[in-house]
Amino acid sequence: MATVKLWTDEEVSTDPRVQAVFDDIRATRKSDFVNNFWRALANQPDLLERIWANLKTVMIAPGTLDPLTKELIYIAVSTINSCTYCAHSHTAAARAKGLTDQQYAEFLSVIGMASQTNALANAMQIPVDPEFSVR
Amino acid sequence: MATVKLWTDEEVSTDPRVQAVFDDIRATRKSDFVNNFWRALANQPDLLERIWANLKTVMIAPGTLDPLTKELIYIAVSTINSCTYCAHSHTAAARAKGLTDQQYAEFLSVIGMASQTNALANAMQIPVDPEFSVR
Amino acid sequence: MATVKLWTDEEVSTDPRVQAVFDDIRATRKSDFVNNFWRALANQPDLLERIWANLKTVMIAPGTLDPLTKELIYIAVSTINSCTYCAHSHTAAARAKGLTDQQYAEFLSVIGMASQTNALANAMQIPVDPEFSVR
Amino acid sequence: MATVKLWTDEEVSTDPRVQAVFDDIRATRKSDFVNNFWRALANQPDLLERIWANLKTVMIAPGTLDPLTKELIYIAVSTINSCTYCAHSHTAAARAKGLTDQQYAEFLSVIGMASQTNALANAMQIPVDPEFSVR
Amino acid sequence: MATVKLWTDEEVSTDPRVQAVFDDIRATRKSDFVNNFWRALANQPDLLERIWANLKTVMIAPGTLDPLTKELIYIAVSTINSCTYCAHSHTAAARAKGLTDQQYAEFLSVIGMASQTNALANAMQIPVDPEFSVR
Amino acid sequence: MATVKLWTDEEVSTDPRVQAVFDDIRATRKSDFVNNFWRALANQPDLLERIWANLKTVMIAPGTLDPLTKELIYIAVSTINSCTYCAHSHTAAARAKGLTDQQYAEFLSVIGMASQTNALANAMQIPVDPEFSVR
């Protein structure tokens, strides 16, 4: 169940702007599979174009963080935001980029540890040490 | 302002269990500075011991994720949990482990992008593609 | 699956306080359909009465914000709180109040943008400009 | 810094509805101190009346959960919602109701543990066991 | 759908460390039922051991908060973190520890009230009264 | 205290890309005041350009939602994400766009009500009515 229609490939073919984004997704990812996130965004072509353009810039263009590290950061955010869809899609993406079981186990340890200490620091409202400030 | 007292070094010296943890923090980090998080936890010696032991295991013991990657994941969780203290302390820790300005800029891009798509996926309640499930 | 029983109309008819709220829901909304939220709250008649009374005051009584604007604010909160049920029920309510596809597309753009900048401001812990304070 | 004005006692005295709520707060709590939450809500007399009425019903009227347990649940919610104001005010309220240091230490352990396992369950998207469903 | 495999009892029997934890879960809870949370954590034996050890210390070892109060705090955290799995499992646990319908109704009232006032305090950014600070 | 340096106008003038964005912010808003959010983002010129471009598209370009409605949605998201900076900056922006005290009071009522019912629906894990699904 979604709050919007998920566009089939046939429906996509009726809107040139949507079709162009779908073509670029397939070409960029070298895969025919286009996941539901884009099929939902197809209802909003402006947003679809903008989100896909930003995603290419942020997640796909080369930079100083490697692609797997970026996926792990993405999953961490998605987990804490309780995004069921995103936890699934980006964990699958991380595995496709080589995430090992051992790395995933360590990742889970870190997000569990961080969530625990976040709760403690927020409950006790611990004041920030001046040593942490940027000079 | 905190909801608990922050222990001074003098107060720490009155409780051998707390002192032992503080000694280990200083020895492990090779630094005399002990930040407020531990000075707040000193009110709960059981919890102090357990959290420090877990933190050493999760964040300091060697593994397959490098220390900087683990800090970035930690900051991502802390940001989304709106933990002021933890965002400050772990960003400082990441810089101490070599985080460059360019890496931090890319990190910020990723957490911004993830938060944006999390909101979209949660608003539209997009169903998870069966392709993402673990076989 | 829920953590409580969902009351059928037949069960509702056995408790006059619950029946009275259900009658008022139907009369106020001019519809026979009573959604699961109220069928779950029927287990707690005090809470059912209080929530329904508050909802009528906040969402239905006339005021200076129009009903559709209030629904959009409601969906925004529900999305960020990751409330699956509420995202579905209030998006349906907004559509019933005339939400167009274009308005929904703009709404999604705003909540995505806000979530993104929230993450950036929280990560960098940007201090509030004194210009924003109430005189 | 707040987004609204905090009403002084002198300003409160100019609005009979606000004055009536403040009088009732003081009488109910048997204390002359009225904290900033109510001084902020004074800008919205309807909301002030409704929130205070609900708070009396939920937190002060006798029930089957004792007042300290209710405060602990309140602090747990406030911590996870990252409400700085509420963490402070309700921890102070809990102490006024007899919260001991040992109880607070155990409370912190529970919210830390819960936050940790929440992150793990949300990351792995663990399916709910049918055994947990209400018959 | 989960992001990891859920271990069957047969698979558990192939790993002595996992088997030992499962044996202890069954012995401690005096029940043959082991829920999916542990079957998912079985993929990460280090984490499985650490989480189970911590859970026994925090939730099962005797202390000054009674077991039902601890479960209610746990559900409160899980609800605000939008953890579907944890809301289900810990509500079931609370019922097994004697939670009555009336207590659950009051619990729901408290978490609803807290969430409402959290939103108000965070929206208005109400400054913390100095009276709430720890001396 | 921030985790990054806040750029002064003098520092901005040393980087043409940053200067160009600041010039456009001033021209677009018809005001010389540039708030700290942009002074923090100046450390990441790529991100600064992208966020400002998106903000102009989403919040400033004309559409079917009026500017004040978009600000209210923005504040709602920022409140639930506990973004202190954003709650302040966007409430100030909403007032500049004509938000009245009565509208703000109704806005607060809606976000409080939504947060309350979100907590109830998430605690009870109420299943979505099939009536809410998109045909």
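Going by the order they are written in, the chains are A, B, C, D, E and F; count residues from 1 in each one.
By definition in this document, a contact is a pair of C-beta atoms (placed from the backbone, for glycine too) under 8 Å apart; a residue touches a chain by one contact, two chains touch by 3 or more.
Keep in mind that what you see is a predicted model, and the values were worked out from it rather than measured.
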>> Using the contact definition given at the top, which chains are in touch with both subunit A and subunit F?
In response: B, C, D, E
>> Assuming a repeat means more than half of the contact pairs shared by residue number, which candidate in A-C, A-D or A-F repeats B-E?
In response: A-F
> Residue numbers at the subunit C-subunit F interface: does the shared fraction exceed half, giving same, or fall under half, giving different?
Replying inline: same
>> Taking the mean of the CA coordinates per chain, how far is subunit B from subunit F in Å?
In response: 27
>> Measuring centre to centre with CA averages, how many angstrom lie between subunit B and subunit C?
In response: 34
>> Can you pull out the residues of subunit E that are in contact with at least two other chains?
In response: 1-4, 47, 50-51, 54, 57, 77, 79-84, 87-88, 91-92, 107-109, 111-120, 122-125, 128, 132-133
> How would one label the connectivity among the chains shown: line, ring, star, complete, or other?
Replying inline: complete
>> Applying the document's contact rule, which stretches of subunit B touch subunit A when the two form their complex?
In response: 1-4, 6, 33, 35-37, 40-41, 47, 51, 54-55, 57-59, 63-65, 69-70, 72-74, 76-86, 88-92, 100, 102-103, 106-107, 109-129, 131-133
>> Looking at the complex, which residues from subunit F come into contact with subunit E?
In response: 75, 79-80, 82, 84, 87-88, 91, 107-108, 111-120, 122-125
> In their shared complex, at which residues does subunit F touch subunit A?
Replying inline: 1-5, 50, 54, 57, 128, 130, 132-134
>> Going by the contact rule set out above, which residues of subunit E touch subunit C in the complex?
In response: 82, 87-88, 91-92, 101, 104-105, 108-109, 112, 119
> Of all residues in subunit E, which touch subunit A in the complex?
Replying inline: 1, 3-4, 43-44, 46-47, 50-51, 77, 81-83
